[in-house]
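In what comes next, chain A is part of two complexes: it sits with chain B in the first one and with chain C in the second one.
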Partner chain A sequence: MEIRTKKEAHATVVAITGRLDAVTAPEYEKKMQELIGGGDIRLVVDFEALEYISSAGLRGLLVTAKLLKAKGGHVRFANVAGTVKEVFDISGFGSIFQMDATVAGALAALS
Partner chain B sequence: MTASILAMAAGTFLQCLARSGIGSGYLGVHINNPVYLPVSIQAASIGGIGLAGGMTVIAGIFSAIFSRFLPHLRHLFPAEVCGVGILMLGISMVGSAVPRLLGLTSAGHVDPNSVAVAVVTLTLIVALSIWPTGHIRLYSVLIGLAGGYGTALCLDIIDPVSLRSVMDSGFLALPAITLPEWKFQWALLIPFLMTALVSSLDSVAGIVTCQKINQSEWVRPDMGSLGRGILADGVGVAVAGVLGTLGTGVSSAHIALSSATGATARRIGLVTAMLLLATAFVPPVAKLLSRMPVPVIGAVLVYAAVFLITSGMGLITSRMMDNRRVFMVGGSIVAGLSVMQFSGLITHSPDWFCSIARSPFAVASICAITLNLLFRIGTARNATICIEPQLINILEVRNFFENSGGSWGARRQVIQRADAAVNELLETVILMELASGTIDIRARFDEYNLDVVVLYSGLAFPALDQRPSPEQLLEDDDAVMRLPALLIRQYADRVNVDTVNHQQRVSLHFEH
Partner chain C sequence: MANNFVEECADRFGLATKKKFGLELALEEAFINICSHAYPDGEGDAEIFCTGDGDAFVLEIADSGKPFDVLSLPDPDITLDIMDRQIGGLGIHFIRTMSDSVSYRRENDRNILRMVFEKDSKRTVTSR
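Showing the complex of A and B:
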């Protein structure tokens, strides 16, 4: 898994590439904790290049979302599609998180 | 000509009717199959039309018998083998399509008028099958043909006088058929049987294409429908022999056009058969068709080739590939292309052999079937991997599924589902420290099923599959632990959790 971040005007975009599973979820959680600890509390997570997510990956998303909520922040998910979208729908995560078709849409919603 | 039309009508009617165990039930128009040409000419030169007709009847009976065994020969025709055949059908059309399309002379010059006719025909067909919505797409080929005829008339590619002469024999006339005296010769038996086999393989590829274009979720050839289709094929060939004309077969060009236009209803085939029958009584129609401008034929063949090539590629790539399959697919295509490129290699071969060896489709198909059978040797349908309960070892399991799926030629989608389900299971077993020792993963594959069994000693896998509510997910950490079982049940078609020999067993079944 690879995580790239990019600061935009109103939020930070976190792009994830590869797999988000039990092996890689701790790395994701650590990166998100660093961002939130550094004051980046308006985040857009870009799933465009994410190939697979397991329930352990979902737990990672949930943990960081709870942390962000405690800090009064916001997170939106962009480009959730294909098998990743199926996992979101089956697990009910689709109704927990705010999702946008594009990163631009998510940034506009946070502005 | 009349005998040919009647034979085509009979074959098309049986193919589309699908009654009493005969006919595939798809829109498969029968035409005289050129693969019969060399052996039929040879037979006619030895013993006249009677011998050619008699031997063609034998070939038809052989195809009919072959059709009865076809449902038991499923392993000969996996999706990728059918894909190679269909791809080569498309590629082999290019050689006859392009010279017609360009109006190539023997000196290699391009005729600009022919190109203009072909461009008008092809542009009309392609444009009308892509952009318009509604029923006009169904008539794209018909409109393209009309445009081609019109342009050919304007550019003097067809003589208006020759068009007027189509009425010379009157509008209606009774078909004149002289049945030959059928003969048989042992020396021609093997050549005709081999030709019948190639013709049947040609029809197998055609009917598989029909199945694929009629089923959006096509997975594998339906051998029942194939068997009935080849029976219709055999009876059609026998009828052609009785009438003293060339053996018939399913026309792949027509199937490609049917796919491109979306006109796939078998009723169209039944109407086509009736129209063919009617043309035997209406000479002007047959004459008009026989005067179709050559560049128009070239344009239609190019259009058909495009669809067959992409359809074949789609079938090949629907399955996972390991080195065996790479060599089978690639090697067969190279063999077929070699025949096209170096036709001189078989110049001194016997005529009966040339009828097969000159056909890129026949060579590639026979090569693919043979290599597929050869490479099955040593391929285990069962595979096992044993890992220590550590997260890092899950990567080995992913490689295990990737390699096994490739050697089985399984559908990628099914292997990905199995991999995802086992990944969920292993993550849970390892993170919750349920296993007290190694974990065994056993997989068994056949064309219809993939069964995976995960065995370990320790605590049972919590197979709760009740979906937690959004509130529970946000507030209750334990609710998240229900997700693995929920996801596993979505990935697998059947899940069973039990204990065997003091070991925990999770059985996952996937339909393939």
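Showing the complex of A and C:
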């Protein structure tokens, strides 16, 4: 898994590549905690290059979303598609997170 | 490692790509369940068996840990909102959803989880 961050005017975009599973989820959580701890509490997670997610990956998303909510922050998910979308749908996660078709759409919603 | 082995088996069997994704997810979730329920205090062994049974690909995972029927876990409440949502139980929910059938048995002091993936879920009747 690879995580790239980019600051935009109203939010920070976090692009994740590869797999979000039992092996990589702790790394995702750590990175997000660093961002949130540093004051980045308006986040867009870009799933475009994410190929695989398991329940451990969903746990990572949930843990950070709860942390963010406690800090008064916001997170939106962009480009959730294919098999990753399927996992979101099966778990009911698709309805608890705010989802956007594109990063631009997510950024607009946060501005 | 386990992943590659199972994927090679599935390829040889001719499992559809979409099914292979479900297989990969079920395999990871089964492993995580073994780690947390069969071996809660440390390390242990797990053995994987792949076989073809007619039109079905069969994946069995065996461990020598504490007796535990993962299928006894209730399905999670997937309607709760973000702050009340728990992750526990999602793994077995994925296993149930992704496989066409799943069963548990205790045999020779081992937990064995058997997951069956039909080659083609959408059975179609072909006329000649």
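Following the convention adopted for this analysis, the second predicted complex is superposed on the first by the 111 of 111 C-alpha atoms of A that agree within 3 Å, B and C clash if a C-alpha of one lies under 4 Å from a C-alpha of the other, contacts with A are read in each partner's own complex, and residues count from 1 in each chain.
Heads up, the rule we're going with is that contacts are C-beta pairs under 8 Å (C-beta built on N, C-alpha and C of every residue); 3 or more make two chains touch, one makes a residue touch a chain.
In this text the structure is predicted, and so the values were computed from the model without any measurement.
In the superposition on chain A, A:47 contacts neither chain B nor chain C. Of the two partner chains placed around the shared chain by superposition, chain B and chain C are both touched by A:92.
Legend: residue contacts after superposition of the two complexes on their common chain; A:62 is shown touching both chain B and chain C. Chain A residues 21-22, 52, 54-56, 58-59, 62, 66, 83, 86-87, 90-92, 96 lie at the interface with chain B in one structure and with chain C in the other. Across the interface of their complex, chain A is touched by residues 391-392, 394-395, 416, 420, 423-424, 427-428, 430-431, 467-470, 473-474, 480, 483-484, 486-487, 490 of chain B.
Those residues of chain C whose C-beta lies close enough to touch chain A in the complex are 21, 24-25, 28-29, 31-32, 78-83, 85, 87, 90-91, 93-94, 97.
By the touch rule above, chain A contacts chain C in their complex via residues 21-22, 52, 54-56, 58-59, 62, 65-66, 69, 83, 86-87, 90-92, 96-97.
Against chain B, in their complex, chain A makes its touches with residues 21-23, 52, 54-56, 58-59, 62, 66, 83, 86-87, 90-93, 95-96.
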